[in-house]
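Pasting the structures here.
Common to both upcoming complexes is subunit A, partnered first by subunit B, then by subunit C.
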Partner chain A sequence: MNTTVAVPEPRSALRKLAWVLPVALLLLIAPFVVDPFQTLTLTYGLIAAIGALGFNLLLGYTGLLSFGHSAFFGAGAYTAAFMFKYLKVASMELFLAGSVLVSAIISILFGYVCVRYTRIFFGILTLALSQVLWSLAFKFFWVTGGSDGLRVPTPSLLGVPPSKDTMDFIAFRYYYYVLGAFVICTLLMWVVVHSPFGKALQAIRDNEIRAEFIGIRIRRYRLIAFVISGIFTGVAGALWAPLNGLASPDILIWTFSGEIVFMTVLGGFRTFVGPIIGAIAFTYLKTYAVGFTVYWQLLLGTVLVVLVLALPTGIMGAVERIAAKLKKAR
Partner chain B sequence: MSLLATQALAKSFGDNRAVDRVDFSVRQGEVLALIGSNGAGKTTLVNLVSGLLPPDSGQIIFEDQDVTRQSSYQRIRAGIARSFQIVNLFDHLSCADNVALSIFSRHGKTLKLTTLASRDREVWDEAHGVLHRFGLERAATMLAGAISHGERKLLDVAVAYALKPKLLFLDEPTSGVSTREKAPIMDIVTSIVRAGGITVVIIEHDMDIVFRYSERIVVMHQGVILADGTPDQIRNNDAVTTTLIGTHPGGEPAIGSANNAGR
Partner chain C sequence: MAVFVIHILNALLYSSVLFLIAGGLSLIYGVMRILNLAHGNLYALGAFVTAWAISLALASGAPIAVLIVLLPAGALAAALAGAVIERTLLRPFYKRPEEYQLLMTFGLLMILEDLIRLAFGPNPLSATTVYAAFGSISIGGDRYPAYNLVIIAVGVVAAIFLWAFIYRTRFGVLLRATSQDKRMASALGVNVNRIYIQAFTLGCFMAGLGGAIVVPSQSAVLGMGVDALVLAFIVVVIGGLGSLEGALAGALIVGVVRELGITLFPEIELAVLYLIAAFVLLVRPAGLFGRA
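Moving on to the complex of A and B:
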């Protein structure tokens, strides 16, 4: 084809990624410069970020708002707990492998039903199905421990058995383990959303009829996106379980799905990094709100209202807007 | 030889027989115009043939294959593509992305999730080639939702064209476009499809456009085909002129502005 138009990409993409290096450096040295409590909070934030990244493949890229992602997060966490209780396994890699498998199976089952619908019907269906899992965990207490939940021990990491020093494990070794998992998950998701498949999902999000008329089989693509999304959130659940030490029905209930929605919207679901920023910001917000007042939900509610009114495109949307204004002013 | 033929194709919406046992055929390589007043059943016919709507009865034969029960996906694979009356694009993707998606789809690459889309030079070169031909290369990196209406109409056709169809339905390719812009758009579209050897069915209300660009005209009225012939035959067909076109004192066809909507 004779055309002078260059393919957009490399340079501008590299420039866009210029901020990654300093952030990566900060994340790498964090345990050496901040106190263990901060490292722990950051670990929780990174785990939530993996879950939110998975969730946003559906919301931001496929245009489906799931209110049932607690199901996959819970599935990941309970898989770790079951593996320890019934199989006497205490290896983080096996926990992760198991959670990938289980969350894949559950998301295939749920997805098969849910992707036939869109908008509010999709949201309600995902919510209803996740509540089924919650009630199972709640009622079958002889298997699941009921409302008490199940204990998850500190596992071996990459074959190295857990150290006796819990502080060293939580605030140092496990932090780097989660950071590694976070980097891998982020890279994987980056590739997925920038692949031809990712473009096809965005096409479905923008205009499903047209997508169908360029030969994209919408349901199949939505199902695949649903499963990938479920697996990512399941992995987040498995990483969360040893840190929390307990898998309980709290993480299967629909309000927990709401938290995943909240953090993604907080960060901005229109951008790739939005959910990551939102998840970390939400984790800090919640941690400090809980410490600050017993009415922490009130505080979060207020933040949500302000967010919707003042920053409808989330933190990253606002950052982009300000950056564009500064660029114009120059 | 007919590329597409419908046999007694019918579709009703309640009591309204939108398409009433229609036998409609399209010959290989022609540019055919499908005309008729609002509610004549033109768009419904295209919706039936492209697979957007299931027919109540009748058959659709494409290249001697019965495609009546096939999904729209299978028909696209077989070579039937369409554009839309109301512009139907992926507004949050760039114009290049819009066209490239059709090419990825045609190559069966849209299920690839472990390679970056931007790395596929073959697809992007072709996408930019298509944009170039449609005069849209300057808009390549712009979002499809941010370009002018005339450019959007062209991009809508380009997205369908990039599927390399054998039969292309263009549902009002110049609707909502100023009179001045209509001819340039039609010039671009018809020269591209002719060069590509694509058979085209154009639904259009503007009679100037219809008579100037089509080789054959099929007139629909209240769900049935009223007339079928060359532009000259249609111009001199009394049934058509009285029920549809109407004449103003100068004797020229005066349809168009009054019928710019459509179903």
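Moving on to the complex of A and C:
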């Protein structure tokens, strides 16, 4: 994939900060302003954003389209469920630690196989491997609960046990917990993509052969990117599980990977914030589409087709284009 | 011995259907370099249309011969859908990176999934009358449904017909030329756009045929397309994307492993299939019959 990377001007860092502050403020006061349902949807959106950020390290920065990220999301969610069921653990920090470990192991295994390939073969291979996990979760029902899945309770947060009032817990405490995790993940990802390592990934994406000639060890870099990507998506899965209350094979099946791709492209995979915006927009879109009609897939599919036909750079691309036009008009 | 024969027949039955689906998928990829994620939905469309047509004919009291004649209705519907999809939605994408084509077909998958639900309702449709009409044969004392042999026969005939079509006709030559070097074929006067729409239609016809012949033996249910697609992926990955011989070999391997799996290791049957696919990709990235 040939993409041109805009070299950031020093001025733009300040301008970006001017955007970040009001958004951060809005996110902070959100639970007090909007009703709990909106907060819940926003929480789902922020969790999806963490997953999409991880996914985009591969698609946007390394140029690899994975169709198997449901594996890591599911691994994160099932790790939380297993830890509760078999180890009687109900602490969010331990859930997160466990799912980082498990998704790291799985992404090392999968990555080792997958990064030998690029383009369509990479996509199929990630898909096939993620379906191994799905079929195991589906068939070993006495361990995994089969198609019913496993229950995940509301855990203690930072050692404080969950309050009796579940609504209050989800709409306030859990929201802020997820917001905190989201901020940390976003900062971490920002550091990763702006580090020399991140630049090397972009070099590989733009021209593999040149990157190799400079001395970048392509396969190793791709593997590291794959593992980081998997861990981020695994963390998202772990955060998602207690909120959903259930880890089920629905999040391991390959069409769920397709949804992760969808949200990233919706936001625009060529920018850093694209996947975040796309994930939140997709979550709202899906929530309302599902509530509005049983034919929500038709609606979302049409959005995707129109998006790919008319707006391949996503929401961020459209915003940038409009901004550029306004500038020219001035 | 009889049990063994029945196992073999079951494996062949399964391979036949898989070959029809995966062969179409592979043909489309081989010629157009498009991996059609909505391919399974065309298989489902074939099943639904045939089941619908047969139940309609049954309601009007048509004799069994008419029902059998109606079987290919699903294949024609899928072919028609394919022609429309290629012309309207895929053609703008040939010059774009393949990631976009994949996304486009994923969007199509979601759309078709719901269009089928919209058109045929959420309940399963079946055409068991045809299945029952063929009766059963006796294999070493065990009764075996004769319709299964029809499915196997259709699979075999389709494979022979396709082989003859691609290696023994003028259209086949053009198809192979386009597949090998699109630009050169175009420079030599081949109408590549026409080849593309023909190849895509043919591929969809095969998927629809798979659905159409399978529906008397099992009902058409929502979600059958998505399940079938993943199995077709395994077949083409093992055999080699874009190769018809590969699709045949892959379908046979998957059919046999699946039949073995169902009797010997039912829990990990699917996992084993995925792992075989992953293993083949590791050892021979282009698949058993693929060109690198």
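Criterion: the second predicted complex is superposed on the first by the 319 of 330 C-alpha atoms of A that agree within 3 Å, B and C clash if a C-alpha of one lies under 4 Å from a C-alpha of the other, contacts with A are read in each partner's own complex, and residues count from 1 in each chain.
Definition applied: a contact is a pair of C-beta atoms (placed from the backbone, for glycine too) under 8 Å apart; a residue touches a chain by one contact, two chains touch by 3 or more.
Predicted model only: the values in this text are computed from it and were never measured.
Of the two partner chains placed around the shared chain by superposition, neither subunit B nor subunit C is touched by A:Ile184.
Shared-chain residue A:Val132: touches subunit C; no touch with subunit B. Looking at the shared chain after the overlay, A:Phe121 reaches subunit C, while subunit B stays out of its contact range.
Of the two partner chains placed by superposition, only subunit B is touched by A:Glu212; subunit C is not. Legend: residue contacts after superposition of the two complexes on their common chain; A:Leu298 is shown touching subunit C, with no touch to subunit B.
Touching of subunit A by both subunit B and subunit C, each in its own complex, is seen for residues 1.
By the touch criterion stated above, subunit A contacts subunit C in their complex at residues 1, 59, 65, 67, 113, 116-117, 119-121, 123-125, 127-129, 131-132, 135-136, 138-140, 253-255, 258, 261-262, 265, 294-298, 300-305, 307-309, 312.
Subunit A contributes residues 1-5, 7-9, 191-192, 194-200, 202-203, 205-207, 209-217, 221, 224, 228 to its touches with subunit B in the complex. Listed in rising order, the residues of subunit C touching subunit A in the complex are 35, 37, 89, 92, 96-100, 102-104, 106-115, 117-118, 226, 230, 233-234, 237, 241, 266-271, 274-275, 277-278, 281-282, 285.
Of all residues in subunit B, those touching subunit A in their complex are 50, 52, 72-73, 76-77, 81-82, 84, 88-94, 96-97, 100-102, 104-106, 109-118, 120-121, 124-126, 128-129, 131-132, 137, 140-141, 159-160, 163.
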